[in-house]
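Two complexes, one shared chain (chain A), two partners (chain B, chain C).
Moving on to the complex of A and B:
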């Protein structure tokens, strides 16, 4: 990798971050909506902690992992919508006339997404701690949690980029967003998998990679250091990022074709 | 209202309702979210949380699927109105509503037309949600009259939802009104006993749910499904009151839109 490549990445990352910050609709909903849902669920589902085998007596601590994934999903949509807008407005075509390397475009965009993802994660963690959730893994766990959040943001951001590059339409990216939410809803977000009663739902939650991302973050909050949960979370996050990045690279090659 | 004026209102309402229904049912991107959103919630809540039925003090004989079905039905009704409100905002942004205001001989018919469109749209969603609920084995303790009461209550909630969103859109006349329409609705719905009965809620959420009018609608709906119409009078009074209040809100909004030109 040359210095020029990294300079291109830095420039595009800066553009991605500045563009996000300048759009309040891209900043506040990913912060407020997940925290609002956390407050509602922490209150409404608190009686679930009385179920035999529930791993903690605080539903707030149990549910704190969910905003991290929900915020990353918002980042997916924002990253995808921004990239699709670049395609629709012809910005990508103009870039194709420059010596810019395709990889720098995606890396720059995703650097911005990761930075925003880590900022969001810091806010969720701070709010959770102020609300009294606690962090069983301590200060070191907070750093691992931020690292895992960065990986999740990278993975979901790459999915957003892939959708944008494949469809080239912001409306299509937004239309696919609810489908991504299915992965969040059909997961262990509200109950541990061993307490899910309905067989098909428990099976779907077990097959759903998002369950392992949630459980990795959750383990840091309520258990402490759970090597298996963390290995699964980092493994799933890495695999998601690798697959989505590979798909994006293939799709980008078609979009950046110099004619 | 004289017969001629009533005819003008109904004529305008019929045209607006037909256009709304036609737009929704010929545009999958408008129709599908309104159907998929409640189904997704139904799957997540009834499928993922059914174990809550085992909590001490949770007494709802028809089961957790029916318990959640009532919430999903009410939610789909209110959001059916909200989603239709987004269509009104789009009509303002494209200039269609301005032309409609010029052409309509009696403008109250515009509000009535959107409300009829929202009701038809929700009836389709309610049919799908009900079919799915029975397909996954929902049990109902109530009889036909009880179920009619449940759907009538939900229809009133739908009317309140569309009139609330119409009032907001008539004042702001932009798609950016979306969060202003949705957020209070979302809060009102989720600050009710969504997952467990009111008695099992604790802390601040119990206090909020106790004074939330949606709680009465939800609990009465669940009573209907259980075959016990407890609190039906109060729930219908609340639903009719909400619909009437938001009708005034929508009509005053219409006057503001007229004044804005």
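Moving on to the complex of A and C:
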């Protein structure tokens, strides 16, 4: 990787962040909706903590992991629609006429998504702590949590980029977005997997990679340092990012047909 | 005689075929000399933009090849891109960025140093008259301002060749004229080779040193605007008698100066056997015969007449070609 490559990444990351900041619809919903859902769940599902074997007596602490994933899903849609818009308006062609490397385009876009994902994670964590949740892993855990959030944002952002590059349409990206939310809802977001009594749901939650991302974050909040949960979360995050990035690279080659 | 690689742009048997066998560009040969403004004129769907996309390396040709700035568009894409600037159809700008931010991004991606980015950006903003609007988001710009910023972005790395794809479509006459002036200045003062596509006859006539007329993916005529017009024929004169009863006398008089041509329903027209100097003789003859006319007009051949002569259709009313959708090949 040369200095030129990283300069290109930095320029495009800057553009990605500036674009996000200048679109209130890209800033506030990823903050407000996940925190709103957290408030509703923490209030309405608190009796679940009375279930035998429930890992904490604070549903707020239990559910605090969910906004991190939900926020990353918003970032996915925003990254995807931004890239799709660039394709539709011809801005991608403008970029293609410069010495920009394809890898720098995706990396720049995703760097912006990752920065926004970390900022969002900082807000969720701060709000959670102010609302009374503890952080069992302490200050070091907060850093790991932010790192995991960055990885999740990278992975989901790459999924957004892949969808945009494949379809070239912002509407298509937005249309596929609810499907991604299905993964969130069919996970261990509201109950530990071992307490889900419906067999098919427990099986689906176990097969669902999003469950492991949530459980990794959750372990830092309510357990402390759980090596297995963290390894699974980082492993799933890395695999998601690797697969989506590889898919994006292939899709980008098809989209940027310059000689 | 210049060789292909020394010339600004050379295309040989350039073809772009889309799915279903549709040939958007069907074997184009052209040569554009360095410092020349070449107008690529044709109706919507004729293949102008596809040609530009191939020459700017954004689209590989299905067959044939071309050299731009001395570089092969297929084998030397990065070198071609370094030599050219392009403002493609529909100014592709980010509505959320300011004009200045666009220039800095473009300059940075072209590898200009931080200091050069700043100075080049300021100079270009001033040149295209956007200094005062430089820090406004592009979504607040008018169509003319967007086009001027688009041109500035194309020039940020001081290219030797400039591709402009329908740069004045949708602009008001004032913005159009300002853009023409700047393009003309670039060619004359800086020696930039300009490849300009347009569907406006006037634009090609005013700006281009030479014109290529494209229809259904093929070049049907090529030459200087005046040469093309001279090639297809002589001017015509149309007259309408002040007294409709004298129409027959007027017809007989006009036929002394040329063969009948298509005129308005109330008048007569003849294609002049000699040049425009016949008009004086016609006026004298009308006076001598005591024939009053309510309307007398000399029609010089236009590029539309050239298009009509070459394709059998008028360019101004030419329908779009069958769908040549740029599907991925």
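Heads up, the rule we're going with is that the second predicted complex is superposed on the first by the 258 of 259 C-alpha atoms of A that agree within 3 Å, B and C clash if a C-alpha of one lies under 4 Å from a C-alpha of the other, contacts with A are read in each partner's own complex, and residues count from 1 in each chain.
Everything that follows uses one rule, which is that contacts are C-beta pairs under 8 Å (C-beta built on N, C-alpha and C of every residue); 3 or more make two chains touch, one makes a residue touch a chain.
These numbers were taken from a predicted model, which means no experiment stands behind them.
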* Tell me which partner A:19 touches in the superposition: chain B (first), chain C (second), both or neither. => second
* Asked: Which partner does A:161 reach: the first (chain B), the second (chain C), both, or neither?
  -> neither
* Is A:100 contacted by the first partner chain B, the second partner chain C, both or neither? -> second
* Which of the two partners, first being chain B and second being chain C, lies in contact with A:89: first, second, both, or neither? -> second
* To do: Would you check which partner chain A:116 touches, where first means chain B only, second means chain C only, and both and neither mean what they say?
  => neither
* To do: Go through the superposed model and pick first if A:254 touches only chain B, second if only chain C, both, or neither.
  => second
* To do: Examine A:230 and indicate which partner it touches, taking first as chain B and second as chain C; both and neither are also allowed.
  => neither
* What is the contact status of A:197 with respect to chain B (first) and chain C (second): first, second, both, or neither? -> first
* To do: Provide the residue numbers of chain A that touch chain C in the complex, in ascending order.
  => 4, 7-8, 11-12, 15, 18-19, 22-23, 86, 89-91, 93-100, 254, 257-259
* So in the complex, which bits of chain B are touching chain A? -> 29, 33, 36-37, 40-41, 43-44, 47-52, 54-56, 179, 186-187, 190-191, 193-196, 200-205
* Asked: Along chain A, where are the residues that touch chain B in the complex?
  -> 29, 36, 40, 43-48, 50-51, 171, 175, 178, 181-182, 185-186, 189-191, 195-198, 200-201, 205
* Asked: Which bits of chain C are touching chain A when the two form their complex?
  -> 56-60, 73-75, 77-78, 80-82, 84, 86, 88-90, 92-94, 96-97, 101, 105-106, 108-111, 137, 153, 328
